[in-house]
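Shared between the two complexes below is subunit A, which has subunit B as its partner in the first and subunit C in the second.
Moving on to the complex of A and B:
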């Protein structure tokens, strides 16, 4: 069970990295997530079924996620639609897109190779074999985290942080804050789609509803991580988000272990999120900035 | 040269809150002049600055920057030549980013924000030298998030950030109003030094009539979207705080407050 918590926690950790950008950095409540997660899964599943090497499907999933973020960004910036609504519009529309990409509501990956069952993993020595999945997930998650860490330390990354912190600074720096926001949404949804793709590879199926609650899961992870380690100045918020995600998965597992039926999964997700919100006294930045 | 010609501006047109602020309003600001603007609340000072910077649109008229028509130019493009400091110290800096990160960003204005490192380590010494003479101890706090600084420290930093790179214009909106008297004097003196050194064309809104008379080359008083006093050159030299205060009170009485 520990293994499965770590596996799932780290996969959702990539999702949490995406939400770290939208919620923590950009202060943008992005609901696109609930369908960019299955979008990544759909792309990865379909391409895998068609015979593409599973690793390569991840790149296309990332690309699709970028596009989803781009659409939300354009709706918000160019059509001047409120942030929350922009995400809802993309989320709703993407549902049909996902369905059409996948061709049906369910795509199983049984039989063929996946990211975690292929000639490469079969070559693992016997003592490592049970951990093969976890190791691969760990590598992918770490690559995503390190890339994000690096990006946030560049000039473009600084601008992204500034856009969430104080958009007027971006404007007075003679930079288009709309473009910065769009870029942030693209990166965030790329990570979310990657998370969905890896999840689909690990569970060996795509399901149209697998994104429901993704936003809540990711956000809960970010809030847990950043609150527990708030006092540790040296710890990166990306690390906090990843640990938060594993802790969140662990608490869901405990809830199920306590005898709750799996059909209550989404209810558990929601109630747990509420508990976390209340305990952490989380308030969106927008409220804090304008007092 | 910064100029507005025959501009009209009505807020919330077609609603019950419709307010016509500017009607056929014109103003030209000479290159390298320091213009101080005073006037009662709601007289349109901030609106004028917002119009110049492109934060709000005009209904009619043209805006010219160095002779170029910028009426339809997006705000962020105008800031290539403009530095701006707001009344609220929180508006000029990024609170969760450190002093070093804030300065590094400001230092990069006019260049590309690409994928190279956000902080240029070679510039750290230069930043420290810039901060040292302020006597605020900021040079030892480079890795402290700006949100932890006092209002005065933040506003000083905002002023430095706004003027770090080559500029033509500096727009100041009551930038000392939120500070205690001592810090206000310090920030005002620093402003004056920067403006003279960089020969910036400056438009400064202030409620401090003494600052307006002391530092401005030209003093404007606004009232209900009009310029009711405009003293430059010799006339300005003879202008006293008492004169301004007198006119200010007369106008206020006319309005019944």
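Moving on to the complex of A and C:
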């Protein structure tokens, strides 16, 4: 059970990294996520079926996610549409695009090689074989996390953080705040699409309904992670988001294990959400989040 | 060290004994249903019935672990993982995404997956084009008896040439049924005219565009369309075009007739397959099955509304249903 919690938790952890940028850093409620997650999956599935090596499909998924974020950003910044609405517009439109990319609502990958089932993983020694999937996920997730950590430490990353915390700083530095926001949305949705692509490779099928509730899962992970570990100043918020995601998936698995009716799952999530938010309000507030 | 070996040996012996004397064994079956849905619920009812007929009775020698993923593929995957970790004897997966998740999780662990209500197992790669299975996975398909339905429409409306079909573009089940209709319709002198929708809210507009072009419409097992059936029936009645159903529940609601499959029956057939697998047969060698006989349901009130009479030879085997 631990293995599948870690697998699922780390895959959705990449999604949580994306939401960390939009929700926590940019303070942008980005609903694009619900369709950029299946977008990454669709791109990855279709290219895999067409015969591309699964690992390369991830790059195209990331590219597609960038584009999705760019569209939301342009709608928000250039067309002056409210943040929530611009996400909803992209989400709605992408649904059709996802269907057309995939060609149909459900694309199975049982036939050929996937990221987790290919000559390379089959060559793993027997004692490692059960952990092959987790190891690959771990590598991808860590690369995503380290790249994001690095980016946030650069000047562009600093501007990104400033855009959410104190927009006037960005303007003072003679930088266009809108462009910074667009950049943030692009990176966030690239991560979300990557997460969708890895998920699709792991479950070996794309389904148009994959994205339903992706934003809530990501948000819950970020909030759980950053609130539980907020007093640990040495821990990066990207690490917190990843652990939050694993904890979220663990709570779902425990709920299933306890025999709780899956139809209550969303209600449990909502209550868990609320409890963590309320508890975190009773703690002394930190002025700045250590990013 | 010797003691440990002895204990291990004894344990292995005991374990092998229990598998030899399977009579006294209690089987755990994980059931993963994709959504709350009348037809899918009926599948599970039928499945239990089918197993019981073969001597696998709930509470006696079978324990069911039932989970519903509420149309969430992420949860479907976690449910499948849970069953695999619990090392259940068999997984029963109801509807396509559940079946795919279950097969993905169970394939390497050799836990048999028996699916039902999968419209097109070949398209879902749960069965090969040559009818072989990709692993310990088999089951039953709820593909519509399209041929029988076309014969029915021809018999009830001898003059009709164009059949309208409303379908949701995001439902794979509908895609494959529609494709079958397109292929078979010319054999009965029909042309299929379809309209795709993306949500239930599109139905009124799509129907207004579709109805003037056709002589009647027929339903697939499209979830979105079926959920909005009252709207479909009302608009069709205004336009004077009869609606054919795809299962009994739709005829009850006011479709004039249907050559349909019965999901309890489908589940029962699935239960029989599961029983064979529990007795030791390999799921990999059992081809997936379609439901053998379709049943003809008619709604006399709706038929009268359109002035359609059912020919004698059909009436003999028709089951008349009315609104509950």
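Note that the second predicted complex is superposed on the first by the 260 of 291 C-alpha atoms of A that agree within 3 Å, B and C clash if a C-alpha of one lies under 4 Å from a C-alpha of the other, contacts with A are read in each partner's own complex, and residues count from 1 in each chain.
To be clear about the criterion, contacts are C-beta pairs under 8 Å (C-beta built on N, C-alpha and C of every residue); 3 or more make two chains touch, one makes a residue touch a chain.
Here the structure is a predicted model, which is why all the values come from computation and not from measurement.
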item	value
Room on subunit A for both subunit B and subunit C (clash or fit)	fit
First (subunit B), second (subunit C), both or neither touched by A:257	second
Touching partner for A:239 - first (subunit B), second (subunit C), both, neither	neither
Which of subunit B and subunit C A:177 touches, first, second, both or neither	first
Comparing the two partners subunit B and subunit C, which touches a greater set of residues in subunit A	C
First (subunit B), second (subunit C), both or neither touched by A:227	neither
Touched partner set for A:169, first subunit B, second subunit C, both or neither	first
Touched partner set for A:96, first subunit B, second subunit C, both or neither	second
Distance in angstrom between the closest Cα atoms of subunit C and subunit B, superposition on A	35
Subunit C contact footprint on subunit A (complex, rising order)	1, 4, 8, 12, 95-96, 99, 104-106, 108-111, 199, 203-205, 207-210, 212-213, 217, 249, 252-253, 256-257, 261-263, 265-266
Touching residues on subunit A, where the partner in the complex is subunit B	151, 153-159, 161-162, 165-166, 168-177, 289
Residues of subunit C touching subunit A in the complex	36, 67-75, 77-79, 81-82, 85, 96-97, 100-101, 103-105, 123-126, 134, 169-172, 175, 198
Complex interface listing, subunit B residues touching subunit A	74-77, 79-80, 82-84, 86, 90-97, 101, 104-106, 108-110, 112-119, 162
